[in-house]
Each structure stands twice: as C-alpha cells, then as structure tokens.
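Next come two complexes built around chain A: one with chain B, the other with chain C.
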Partner chain A sequence: MSDPLLEAPTQTNPSHTLALSQKARPYLDSRPWYFTTLPYPLSLFLAPESQERWAASQNLFLASLIADDLPVAYAYLEDITERFGKLNERVMALQGLYQEASAKDTKALEDVVKNYDELLKTDPTLMAIRKRRVAVLKGVGRIADAVGDLVLMLDASPTDAEAWAELADCYVSQGAYEQAVWCLEEVLLVMPNAWNMHARLAEVQYIQSQKMSEGSGEQLKTLSESMRRFCRSIELCDDYLRGYYGLKITTARLLAILEKVKKPPTASSDLVAGDLAPPKVATVYKLNELATAKLAEIVRRSSAEEKGWDGYSGAELKAAKAMIEKDTQKIER
Partner chain B sequence: MAIASIALNVIGVIFLSHAVYSAYEHSLLPSTSASPSSGSYLLSVLDPKVNLPVDITIETLVSVVLLCAGVVLSSANLKPIQWNVWAGNLERSKDARATKEVGVGGGNPYAALEERSGFLDIRGEMKGFAEWKNKGGEGRIEGKKA
Partner chain C sequence: MAGPVEQQIHRDPALFYWILLPITVVMILTGVLRHYLTVLLTSTPKRQPLEKLREQRHLAHIRLLIANSPQIPRASFEKRREWIAEQVKDGGFLAGGPESRGSAKPNPLSDPAMMEGMMGMMKGQVAMMVPQSLIMGWINAFFSGYVIMKLPFPLTPQFKQMLQAGVGTRDLDVRWVSSLSWYFLTLFGLQPVYNFILGSNNGANQMAQQMQMQQAGQQMPGVDDMDKIFQAELENVEVVEHWYVLDGVEERLLKRLGG
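Presenting the complex of A and B:
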C-alpha cells in the first residue's frame, strides 16, 4: 500500500500536487496538542518520533507552496524549523524556498539572493544554499551567471551528480550541446547505472546530430553514439518506453543517412580516442525492427490494461502509438 | 503447486511424527533395547544402545525428504535480483513504484537527476501550477518535459 503523503510533488504530476495541497490543512489541524506545546527535545517524551512525519511535512510544505497557500506552508516551515533548528542546511534551503515563493517583485527576489550571499560568506560550504542561488538565477533568466556558479560549485564538489545534470540542462537550454554531452557523461561517471540519464544523453546527442551537416562523418558518428546510448538504457531497464522510442527514431534516421553515404567508414575514425566505427546497415535495421516490435507490445499491453502494465505515462504511450501508426502508413504506401 | 506443497508438508509431518513415536516405543521394549553389539567403535557413553529396525530409519529419511521438498516448493517466489528486471518492473507498474515508507519504494531512484529537487524553480512551478489549475486541471503542465 502506498502512502501519498510520502511522495514528493513533481512537475510531471500536478494532480498529485493538488491532492497534497488539499490535504495540507487537515493534516496540520490533526497534529496532537502535545506536538505543538512542547519544544523539540521535551516533545520526545510525549510523542514518538517518526521519519514519516517529517517526510510528509516536507512534501506538504512544498505542495502548499506550489499551490500558493503561503500561510499553511509557513506553519509547516515553523514545525520543521522548531524540530531541526535554524542552522540545519536543509531547513535553510526550505526557508529560502519560502522567501523566494513569497517575494512580490524582482526587488524582493534580489534581496533573497543577497541573503544567500550573506549566508555563503559566513559558510561557503552550504551546498543547499548554493543550489538555491543557482535556481533563482536560472529562474530569472540569468543563465550565464547560473552556469558560472555551477562551475564554481562543481570545482569544489565534482561528485555532485545533481549539479552536473543541472549544468547540462543549462547548456542544453543555450544550445551548447557539446558541453551538455560532456556534463551528462560526468553524471554517468558518478552514476553509471542511471538508465534515464543514458537516455537523456542519447536525446541530447540526437538533437546535436540534427544540427550537423547532412551525411557528414561527424553526424554519422554522433548519431550512432546516440543509438548506442539508447541501447545501453534498454539494457539497463527492460521495457523502457523512452529507450525504445529513442532507438526507433535514431535507427530510422541512421538508416536514411547510411543509404545516402556511399561508403561508410568501416574502421574506427580515430584510433587514439578509440571510438567505434558506425554500425552496419543490417544491424541498424534489426534494431529498428526490434524497437518497433517492442513499442507495439508495450502499447498493446498497456492499452489492454494488463496487470502490472499501468505504469507508463499516457502522453508517452500516445506518442509511441502515433509513431507506430505513422510507420505502418509509410509501409502501406 | 500450492496444494501439492501443502500435501507434501502434511504427509511429511505425519510420517516424521510416526517414525519418531515408533522409535520411542521401540526403545521401551525390554527385549530389543539390549545393546546390539559389543564391538562398537563408539564410546560406551555415546552409544544409544538401541537396535532400531530398518523400516523406522527408512520412514524417517523419507519423511524428511518429503518435508524438504514441501518447504522449498511452498516458499514465496524469488525477488528479481537482476538490475534490468528490477528497473523494468519500476517503469512498467505503478504498484512497484509505490512509496511504502521513508526510503522504501518510490520508483526510479535516478529520477531525482531529472527532477533535481535541490534546484527546484519554485516560482516557475507556482506559475505552471496556477495555469494548469485555471485550465481545468487536466493532463500535465505544458512546457515541461514529460
């Protein structure tokens, strides 16, 4: 049985955020009397301490903040601050979040950033506050400053995969695909089994290859690498819709290009770097077939609502369905 | 399979208790409890001094084998320990993603790399959520990655 209070509100599921924000006030009122009357260490005598309570508090705080229910959010923030202290790094970040959300105009937002700067002056190792600062800068469109901050942060803490992923996202939004690919490779160095990041990297490489001159060796190389990354994400995760969708797109594109290129290089183009030669047409064709078959299976079993096949998002399924239909139409013609 | 394993277990337990009880009764018979051999290589303290008939021994062994098979067959299915099977399950089914308690469940642990709660753009989220709600609150927030 799942406890919805323990699931954090996410962008992809706004109805969950809505449900959480509606639960926030009743949950707040249902706190037992002793919970609010005694300060933290003494309250332990009366109430058992549970992780669930605080995880739920944080999620409800975020949800009511997103739903613009500031008074309720403030009550949760007070609870959390009372329990964990003002100097706790995560509490500081949550307080920053509240200030950002309640800022009326750009001036107030600048004050929040100044406040972050003050905090960082006293303790430069507050990573949570550094991340907040980056998020504010990115939110107001100062991407260059955000990137500068992130680079500084990653110099100090190069194993922070979340920050690498954020930096990659900043670069993608600016069209700097080469840098983004590099950052995503760093993410994969830290977390080599993250199948969604393999797929993300493949997506960025696919976009990158679309901007290159048609049929050039460079495009062929990037595209085949993208295809291989999608293959890796599928290898790490069975029935990965995103992976198969990407595999289908990249192989279709590769087939079109390999047809045009008279003689694709069969050996490695750069022996020093040791990169692989582009795949054979027959292999790409087989992979394309496999992706089509798998996508069709996923769509079929999900729309038949088979047991244990309800986890795919509706929009992704729709896209996959549309692509299969487009494909079959092409063949009929 | 479930019925077969239960039957095996029940039969095994019955035979085992029967064998144990028979052995006990047998040891009480004065005529048979005499020491069978004088030339035993066991220490005299360790020698049970019982001459057990072969059928009781066989019954014990058979019942233990039956019980072993029954217990193994009636145990729960094995959990997937292959990475791709486990990950595929998370993608495929909502049930597998459910958060049961703090730190247990919750789906793809690497989704955090794309949601990045540390860099939460709270003002953008608020705006997106308000627009989503005004439009009737269906589907997902537009302009965000799926």
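Presenting the complex of A and C:
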C-alpha cells in the first residue's frame, strides 16, 4: 500500500479527498520549526529534502482547496513557493488555482483570467497556465472561448492527451459529437491502451447514434462501432464495470435495430472507407448475455465485499444494479 | 618445500595512516564537493520557443499516428494522413514557417540559446577538471614513489603499469600498489561509495559525467534539417498498412471469456 499522502485527490474519489483534507492541518502543525524559519538553501541542511515531501505538500494543498480550507491551503502554497520560487511553472499554476478557489464571484474569476493572459503574453509556452485558463473559462461557462484556447494549445502541442480529452468534453457538452469523436481518437493515438478512453469514445458514439434516424445504416454503423469499442475496453481491462454496462446497453439497442432491419447488410457497406461489417445477430445476443452475467457477478461480489472486488465506484454499482433489476422485471412481465 | 619466495617489504605503518587514508578520504570528499558543485552550476534548461516546440510535438504526433494507427478507424486515419501530407508539402509544421524551408542551416554557434547550453557544459567540464588535476598534482608532489599497500591476491605482470605508476622498480611484485595508482583506483572505483553517501543519481563521478556530455554533444538539437525529417516521416505514414483493432474484437472477447 502506498502512502495515502502521495495519492492526488481527485473528483472521482471524494472520500480520499476528505481524508486528505482532514490530515492537512495536523500535518502542517507537525512540521519542525526550521521548515519555515530558514531560507531555502539553508533549510536543506536541517530538513530532509525528498520528492515525496513536496508531492505530499501539493496533494494536501489541493485537498484543502477542495475542502474549502483556504488558510491551510495558503500555508502549503507558501511552503511550496518558498522552495521552488515564484517563477516555476507548476508553482504559478498552483497559485492560480488558489486565486481561482478564493475568487468570490464571476468578476473575480475574470480578473484571474486576465492575470493568466498577462502571464501568457510574457511567455506563451506556459502550458500549465494555459490549461488553468481553459479550466476557468469552462467553469464560468464560456465554452466557445475555452474551445478556442484548446485548439490553439493543441496546434502547438498535438500530443497532449489531456487537452484533447478536455476538448472532447467541451464538444460533447455542445452536442458536436463528430468533433468529440475525432478528439477522443487523438487521445487514443497518444495512449492506445487507455481502456477508460476507449469506453468514453464508445459512450460518445452511443449518444451520437441515438441522435441519428432510427434504423438507418449510419446509425447501425455507429452503434456497432460503439459496441466494439466497449468490447475493446473490456478486453484491455477485465471486469470493467463501465465497459460491461455500456456493452449491455449497446447490444440491447443493436438487437432491437437488427430485428427491425429486415435484411442487414452482411458485407462491408463501403469498402473504400474500410468500415467493418455490422456484427452478426447471434454474436450480439451472446455479448448481451455475457454483459448481463458479468454485471450481475460484479454487483453481487462487490456488494458482498469479496476480496479483490472492492474499488468500484458506488454510483456506478448502483446504476448497474438498477439496470439489472429493470431487466429482470421486464422478463417477469 | 616452500613455494616461490614472497617478496617482503617492511613498510612503516605510518604509511597507512598518513598516505593511504588521507588519499582515500580526500578523494571521497572531492567527490561530495563535486556533486554539490555540479548541482550549483547546472543551469535550468532553457525553455524552447513555442514554434520549435510545435515542430517537435507535431513530429512526435506523426510518429504516434504511425505507431498507433490500429486504434482508429480507417476513414479517420485516411483523413489524418491526407492532412499531414498537405501540411508537410506546404511546410506548415516547420518552426520558421513555410518560408524557412531550404534555407541554409543556422550555425549553432551563432544562436545565443545554443551558446548558453555550451557554456553550461563548459562549466561542468571545469568543475570536473580542476579538482582532478589539483589532486593529481598534490599526490605527485607529496606522495610519489611510495609503495603503500599490498593486494591480498596475486596478479599477472600486465597489471604492473596500472598498479605501480610512479614507482620505477622492475622486479617489484605486482601486488604492491603505489600511491599514484591508489589515486587512480579510487578515482574510478568510488562510485558505489558516492551512491551510498549521495543517493543514486549524484554528480560525483566525473567519468559518468563526461560520458553523458559526449552523448549530449552528439545529439545537439537544431542542427538537423527539419524539413527533411518531416519528408521522411511522411513517407513512413504513406506506407502504413492500416488494420483496425476493433476488427473481430467481439469474437475475441467471446472466445476469451468462454461465451
């Protein structure tokens, strides 16, 4: 088990964040006096200098920001700033983060954005600041500006998977699914084995297929693509709850559509584009059964808190459970 | 019968305390000093300008596209391929814009950023060389000509030059080590000791440092013709035979999970 202090607080893990933020103040008080009293090079003689310490400091800073414990966060920020200097890119981003968190209203946030603008004017290569700027813009609802910023950033650095994923998110929120799919494909180019990104792409494709005209060849194509993506994500990560959930939904939809379409095109519809042929009904049916069985197994074992089956997110488990229950009701009727 | 007669030299035990020990201690201390000196002297690498960064990232992007093309459907792969071909033909990826292609390579010495990098390297070299020559002079001046220790194992005569530098006695057994040789032995052999004292990526051993510098010198950036590199990568993109990882994934999955 790794040190919990070294694990970054994330939005998907609120209990860990809470635990971290509660540790923040005692940890701050437990520092020996010489951490703060001596200037940087001298403090090295007394205090052990380790990467872990600063990683922990950053995590505790972030956690206390999330927990809205601004004074403690400020103390950590001062620590970090003293050690790494004001001009360090990461420190600048952390400072921006603090300013964002302490901003009371939208106007204060706009000031933060202006501050970022000025920093970027002096040095356009500060990617961390650029990302902060995008995050603020997205937060205040200026999606179009955020997209513009992201596009600029990605033109300069097209291998930045994080930025691509963020851009995809922006596009999804605006209903531009085709663009979002493109962005997620870029993410996969950088990280080919990220099963969660495969699943995310499949989700976007599923939403996209829902918007298409019922029973059209295009919808069939997108839906089968989505189903295959879910398959891939499961192939990469065993017992991936989100993957199975998506697989179940897509196969159910596919079965409904394949039934309706009298004569499903067996061969690849467009050879030049190199599309895959739609899957066979029997295969889809099997996959649906597999997904149902697996989901039931995951829900059962995880709620029984079996060893090795913990770590699923509670909300996802509940959703899976609800879907299984709905399914069984339908059969009973 | 006794074996071959072993050479006996009666050494003053003071030799051990006043020569062997001081040389070793001084060598370790210089290593530590050198480590901190390099830490102080290393200048943080300068940020690349945005244009240069863009050029390199796009190159990396093309390479990623080649390596991971199975992840995306053929249609979107073809679209990307076309776009890259267009950009490379227009020189859109180049740091200096399309106009800069074909222009003569800039002299690396005239670039101030490059000069700075070289200065950093020079500083490092000096930090290596000065203590090394100082200590060698010190040992030569005070301790040359002493035989200070005897190795506990026999060696072939080839080691004579290595172990008995500064002692001009032909018949001396190879096992005897002169002070100058002890200096060289510590110079090359103290790396584990530094690792123990300073942690594993220390800058104490000048040999490893010099090796690194030579490598860094070989791959100096900015000297290559980026346009040519992009053309070569474009060719690589064009010959990629696309296959799709989702092809038959459902059968694979069913087979594996026994569906």
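General observations
As a convention for this text, the second predicted complex is superposed on the first by the 331 of 333 C-alpha atoms of A that agree within 3 Å, B and C clash if a C-alpha of one lies under 4 Å from a C-alpha of the other, contacts with A are read in each partner's own complex, and residues count from 1 in each chain.
Simple rule for what comes next: a residue touches a chain if its C-beta (ideal position, glycine included) is under 8 Å from a C-beta of that chain, and two chains touch if they have at least 3 such contacts.
Every value quoted in this text rests on a predicted model; they were computed, and no experiment measured them.
In the superposition on chain A, contact of A:235 is made with both chain B and chain C. Between chain B and chain C, B touches the greater number of residues of chain A.
In the superposition on chain A, contact of A:3 is made with chain B only, not with chain C. In the superposed pair of complexes, A:14 makes contact with chain B only, with no contact to chain C. With both structures placed on the common chain, the touch criterion links A:287 to chain C but leaves chain B unconnected.
Using the contact criterion defined above for the overlaid structures, shared-chain residue A:125 touches chain C, although it does not reach chain B. In the superposition on chain A, A:254 makes contact with neither chain B nor chain C. When the two complexes are laid over each other on chain A, chain A has residues 235 in contact with both chain B and chain C.
Put simply, chain B touches chain A in their complex at residues 83-85, 87-103, 105-106, 108, 110-126, 128-130, 132-133, 137, 139-141, 144, 146.
Residue ranges of chain A in contact with chain B, taken from their complex: 1-3, 6-8, 10-15, 17-18, 51-52, 55, 62, 65-68, 93, 97, 100-101, 103, 109, 127-128, 131-132, 134-135, 138-139, 161-163, 165-166, 169, 187, 191, 193-197, 200, 235-241, 308-313, 315-316. Residues of chain C that touch chain A in their complex: 47-50, 53-54, 57-58, 60-61, 64-65, 67-76, 78, 242, 244-247, 249-254, 256-257, 259.
Chain A contributes residues 123-125, 155-160, 182, 185, 188-190, 192, 225, 227-229, 231-232, 234-235, 273-276, 279, 283-284, 286-287, 289-290, 294 to its touches with chain C in the complex.
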